[in-house]
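Okay, got some structures for you below.
Each of the next two complexes has subunit A plus one other chain: subunit B in the first, subunit C in the second.
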Partner chain A sequence: MLVFAASDKGGTGRSVTSINLAYRRALDGDDVCYLDFDFGSPTAPAVFDIPDVAKEAKGRGLHSYLNGMTGEALRVDVWARTEHQVLRSRPSGAGRLVLLPGDRTGGEFVTDGASLHRCVDLVNALRREFNLIVVDLSAGRSYAMELALSATAQTELRSLKTRWLVYHRWTRQHVMAAADLVTGERGIVSAGVSLGHDKDQLLGAIRFVRAAVPDLGSPQWSQVPPAQFAWMRQCNRELEGIAAGLGIGRSRVLGSVPLEPVLQLQEQLITDEDVLDSRIANIQTWQAIGELAERLADDKHWGLL
Partner chain B sequence: MQIKPRLQLFDVWKAIARHSFREGEWAWGEWGGRSSVADAERLLCLLYPATEIPEFRLDDPDITEEDVELALKQAGDATDIPANLVGVLTEFMGIHRGGDLGPTFAGDYYFVSEDPDQELSKEQRETGVVDSFSMSVTLCLATLGFLNVYRAQTNRPELLGLIDDLQKATSERLTAAMVSLLRSFTVNVFSVESHQGQALCRLLGQGRLSDKAVLQQFQSRFKSLRAVIGASVVLGVDVGERLQNENRFFECGWAWSLVKDAPEVEAEDLVGVQPNGVAEAVPYLYFTVVALDGIQDLFSNRTLTLRLLNAEQQRLAEALRLRWEITQQYWSALARFGDGSWPLEDIPWQTGQQLESEYFSLSVASLLVHDLVSRRATDDDLTRTVDVMERLAERGRITSRLTEGDPAADLHNSGVALPLLGSETLGPPMRWAMTDFSAQLLKRTIQLCTLSQNIASQDRLLRLAEQILDHLWKRRIHDGEGAGLWDNIRAVYPHVTAQQGPLSWSITERVTECMVAASQLYRQPPIGSNDVTALARALLSESTHLLGEEQMELAPPPASRQGEVLKGVEADLKRARRLLDEQRPGTSCALALGVLSRLDSLKRARDTGIRKA
Partner chain C sequence: MATPEETTRPVLACGEVRTCLLPSSRALSNKEAELLLRLRDDDHVRVSTRPGRHVLSPEILTGVDCRFPLANRAKVRGVGTVASRAALTEGRLLQASSYFRAPVEGPDRRQPWGYYLARPGTLLPVGRIPESACLQGFLTVREEGCLDIGSIAEALLARISRHTGLLDYDVPLRSAATKLWWTARPAAPGEGASLERFTLAEDGVRTVLLRVPRGTEITAVVGLCEDLALHDWLLTTMVEKLDDNGFGSADGTATLRVLGPLVDHLLHLWMPGARVDRTLGAVWEVIEEDPGFSRQWHTLVQRVRDQLALQAVMSQRQALATG
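This part shows the complex of A and B:
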């Protein structure tokens, strides 16, 4: 399965959450590879805690590969290379977890026929080795997004199950931006259709992830003064109405990730130790990401509404 | 207990979901799928609140409220619930349909044989009943509205196909139900000397007037109604010449089923056949109330704004509306007949068939409430009706204790039995039992409460409603199948031998209706008292003045607590003024009082300072 992670604006926790998703699927036994297409600001090495990768990827990363500057993109085995204490020992039963880092030195990025072919070849090679390929696209409408849409429109990749996750924060501006990214002018759907995608099929393969949502039922918010709480619920309800009106209501949401200090302050993987041992992360976040990971592969949550 | 529509409805919904959904799939159960009345009632328990209360809507998964989703967890998540409902409704429309013969309205196990040793024939059990016609109108309208919105939420071709089929079946059922309602409306004409005429003379004369005087007053009181019926009521009923004889009494309303020899109604999109009627042309109070309840949904705001009716149905609805108007005017006038005490106040009411029960008084009161609601009653009429309601609750042993061998127990337990005249032509005579006295009483009480603009009456009604709900809430089944639903009579009357039978969807449905009515009650603005308004105005004037005085003093520094207090005071005063305009004088007073005490604490402190200096 091929999963693209997109967002209209930065700061939605797209990369961090996607990496957490990849990690959880790997824990569950999937062989997972993670492709960092966020060429502007590669964050994956930091989140996986593999500091040397940035240097190593110079001239050998995804960017260079797509531009034809190297024949093979660098692969990094996360379990073996990470300095994260918990990740260093690969749990039994866990699948492979491989990072294909981006690099900044690949020069101007162009989506010509050649890079498209290289992209298709890469995905074709990876799908034989991995169950899940997660591709992190940069924020907004980007070359990477266009590349992703054209590559998946090719006959070679038609048979590959493809899904899109669109991340947005739970605010009015972000909701509107996310809706625009998908259904607006030059959005994913219209761009996809002009590249040969079927509209309904593409729409059925897009789901939203709400990030940094204050979960009003959680203990975190139980101390809020009553008036403020009533106000927050009302705002939440209004926002739900706006989202529904823009066609990104709850039935198109794959999951919500609560407002979580660990994601906000440290941008790191949430491990079970963070929840159970040091207790810096909330159990709700752990569960939310687990649920998201499960639904990602569950056909019930995908397809036409 | 306090009426909390939202929470109490969730309790009912949870119980229904637990009872009717097995692992996310609807299960009709042993008694389901037989009586179209029971099945419609059961579905309406879910669909009626979902279409009448905006917060309870189920047709748009994107904005289904969390607690709604939680209450129906057994039926799936917000996306599954409407899809599940479409499935169940489709099954309902299929079960209660005789193939090409069109929709059917069988009463089935709701009919009881007069003689327990004789079984009802299949034909009898399959006879349509007004309860089912009326419930179908409500259910079909709710379904059509639900589908209208839900259709726009989905693009799945298979689901769209299902929705279109269901929409068609629902519309057909609606037309059939409306035609059946037209064909079961009847006008009964009888002479003064007949049994029925004598009964009416006793009822209206109340022992004070001679038969002749009663007839005279009747003639003048009902002259115009008689003329309207004679001239305009044509569709589906044959009134004939009899009505024109002014020396005869008449009554109008709904028989228990299609009336014998009722003419067929021509309707273009009517599928199937129009069965022959069996019921004698005698209106029943109970079925009249039931019919009016359903018919009024045909011209509710919701039906109009969502355009749920097609042209043909609008024509039928017009004809039904006329009957609806006439019937409630007739019974409302009869209930309040004469100058002194009302016939309605003489509890229990006696019907033309010499039956008497508190239930009939309640039915007449319900008809009166219908009339009061549609023409905005006077305070006096309303207050007298409140008295009647209170007395009915008392006599029905809802607000008082049940004594040993009290006949009131039967009112709730076995119910009031109505012999269904005409049913004997198909087999053993049938009867119909009504056990929903308390629920009906609660419904009418809440309706009156919504209507009342008088604080004292409203308070009495609200307290009465709370007492009835207390009684009803206790009567829920404690455990086993159907826990949380109705009816467990022994919970309130422990020494009564309870009737065995399936759970009562009619009481459950009436209770959800009550909750819907209560939610409408709370949506209205509260009644503002004139006294409190005057008080609020005086308080506001004083506090505005004192604030002005305070602002003449040395202004507090920008970031001080005192400055915040003054800003708070200003905001409160502004809000208090607005509330006064919005008919909320009590809250306005409370704010003004707070302002006064805060201003005073500043003033007091300053005065102390002056004395010291």
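This part shows the complex of A and C:
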């Protein structure tokens, strides 16, 4: 399965949440690789805690590969290379977890047929080895997104199950921007259709992930004054209304990730140790990501509504 | 065939073999394999059916002009062509090999392309290369600006993998590709082939250092290395599948999900040395002695069969208990 992580704006926690998803799927036994197509700001090495990767990827990362400057994209085995205390030992039953880092050294992107072929070849080689390929795209309508849409429209990749996660924060602006990214004039669907995708099939493969959503039922909010709480509930309802009106109501949402200090402040992997032992992360976040990881692979949550 | 200038000076040979499962749900027939590996219209695909099915593509050439990967970091330019070929064993295991011969001394200046094209599959140094630095360097140095033979082999795998008419990409088991880097130097006069080193490195890399009798055709060495790579891949994949799935758990269906594809697609592929040139057969004897590839393989196969037998007994007992 191929999963693209997209967002219209930055600050949605797209990368860090996707990395957590990849990690959780690997813990469940999937062989997972994570491709950092966010060429503007590659964050994956930091989140996986592999400090040397940025240097190593110079001239050998995905950017250089797609531009034809290196014949092969660098692969980094996360279990073997991470300096993260918990990740260092691959748990028994866990699948492979491999990072293909991006690099900034590949020069300007050339949007030609050659890079499209290289992208298809890469995915074709990866699908022999991995059952989950997660591709993190940069925010907004990017070259990487166009490449993703063109590549998946090619005959070679037609048979590969492809899914899109569109991340947005739970605010009016973000909800509108996310809807526009998908169904807007130059959005994923219209761009995809012009590249040869079937509209309904593509729409059925797109789900939204709400990020940094305050969970009003949690103890965190039990201390706020009643008037403020009522106001927050009102805002929440209004947002639901807006989202539904834009066609991204609950049925199109794969899951929500709560407002989580560890994701916001530290941008790190959340392990069971963070939740159970040191308690720096909330159990709700751990559960939310687990639920997302499960639904990601569950056909029941996908397809046209 | 050796050119006159090579009869006195040693000629090294280097190459890389990539081995992976064919991206298809079933094994291809010989006819399909022939179509898949028809890399050139002016040359035949070789098909053999005894012992075991093996289909070999014609050779293709890739022009290169870059630095030799030398262990002493000296900057010597190499110009010429790298030869590549693909092989499909039992319609199941796909291999791409890229390789070249390298005389330790070449012309002092870069020659026009015609000169190099007259020596297909040969990478000529501009000047001299130290023999051991070249052999060591090829097995260790992977640097920007140096010869990247893996990319050539990978490009061939990718080219074959694009054959959407024959491939459905629905592999019965996920497995990693392996890369075998090999170098061969001529043995002392009168001496036979020998294996100087075989190591397993990280990320699926294996390195092999060989000595081969003078005058051995490079394709014979390539054939040996493909055979080594194929059997090493089988061992690697079996170990990975058996070790990573905690058997002993009561979940019988999970066990069968792992073992089923191994039985269906891999167990019958073991046939070490079957297609290896007779002059190089001694290398397999060494490997069978230590570390003993076949010994390990038979233990793994036995493990698969024991697990299956155990599952059969357990399910029978369960049926009796519930019935």
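Please note the rule applied: the second predicted complex is superposed on the first by the 305 of 305 C-alpha atoms of A that agree within 3 Å, B and C clash if a C-alpha of one lies under 4 Å from a C-alpha of the other, contacts with A are read in each partner's own complex, and residues count from 1 in each chain.
Here is the rule we go by: contacts are C-beta pairs under 8 Å (C-beta built on N, C-alpha and C of every residue); 3 or more make two chains touch, one makes a residue touch a chain.
Everything numeric here is computed off the predicted structure, so don't read it as measured data.
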Overlay on subunit A: subunit C relative to subunit B, clash or fit: fit
Partner chain in contact with A:Arg186 - subunit B first, subunit C second, else both or neither: neither
Contacts of A:Ser251 with subunit B and subunit C, given as first, second, both or neither: first
Touching partner for A:Arg127 - first (subunit B), second (subunit C), both, neither: second
Which superposed partner A:Asp200 touches (first subunit B, second subunit C, both, neither): first
Partner chain in contact with A:Arg88 - subunit B first, subunit C second, else both or neither: neither
Contacts of A:Ser159 with subunit B and subunit C, given as first, second, both or neither: second
Residue contacts with subunit A in the superposition, subunit B compared against subunit C: C
Degrees between the directions from subunit A toward subunit B and toward subunit C, using C-alpha centres, nearest 10: 140
Where subunit B and subunit C come nearest after superposition, their Cα distance in Å: 25
Doubly contacted subunit A residues - partners subunit C and subunit B: none
Subunit A-facing residues of subunit B, complex: 60-65, 78-79, 153-156
Residues on subunit A engaged by subunit B in the complex (per definition of touch): 200, 237, 240-241, 243-244, 249-252, 303-305
Of all residues in subunit C, those that touch subunit A in their complex: 20-21, 23, 144, 148, 150-152, 154-155, 157-158, 161-162, 164, 168-171, 174-177, 202-203, 244-246
Interface residues, subunit A side, partner subunit C - complex: 31, 59-60, 70-72, 75, 77, 80, 92-93, 95-96, 120-121, 124-125, 127-131, 155-156, 159-160
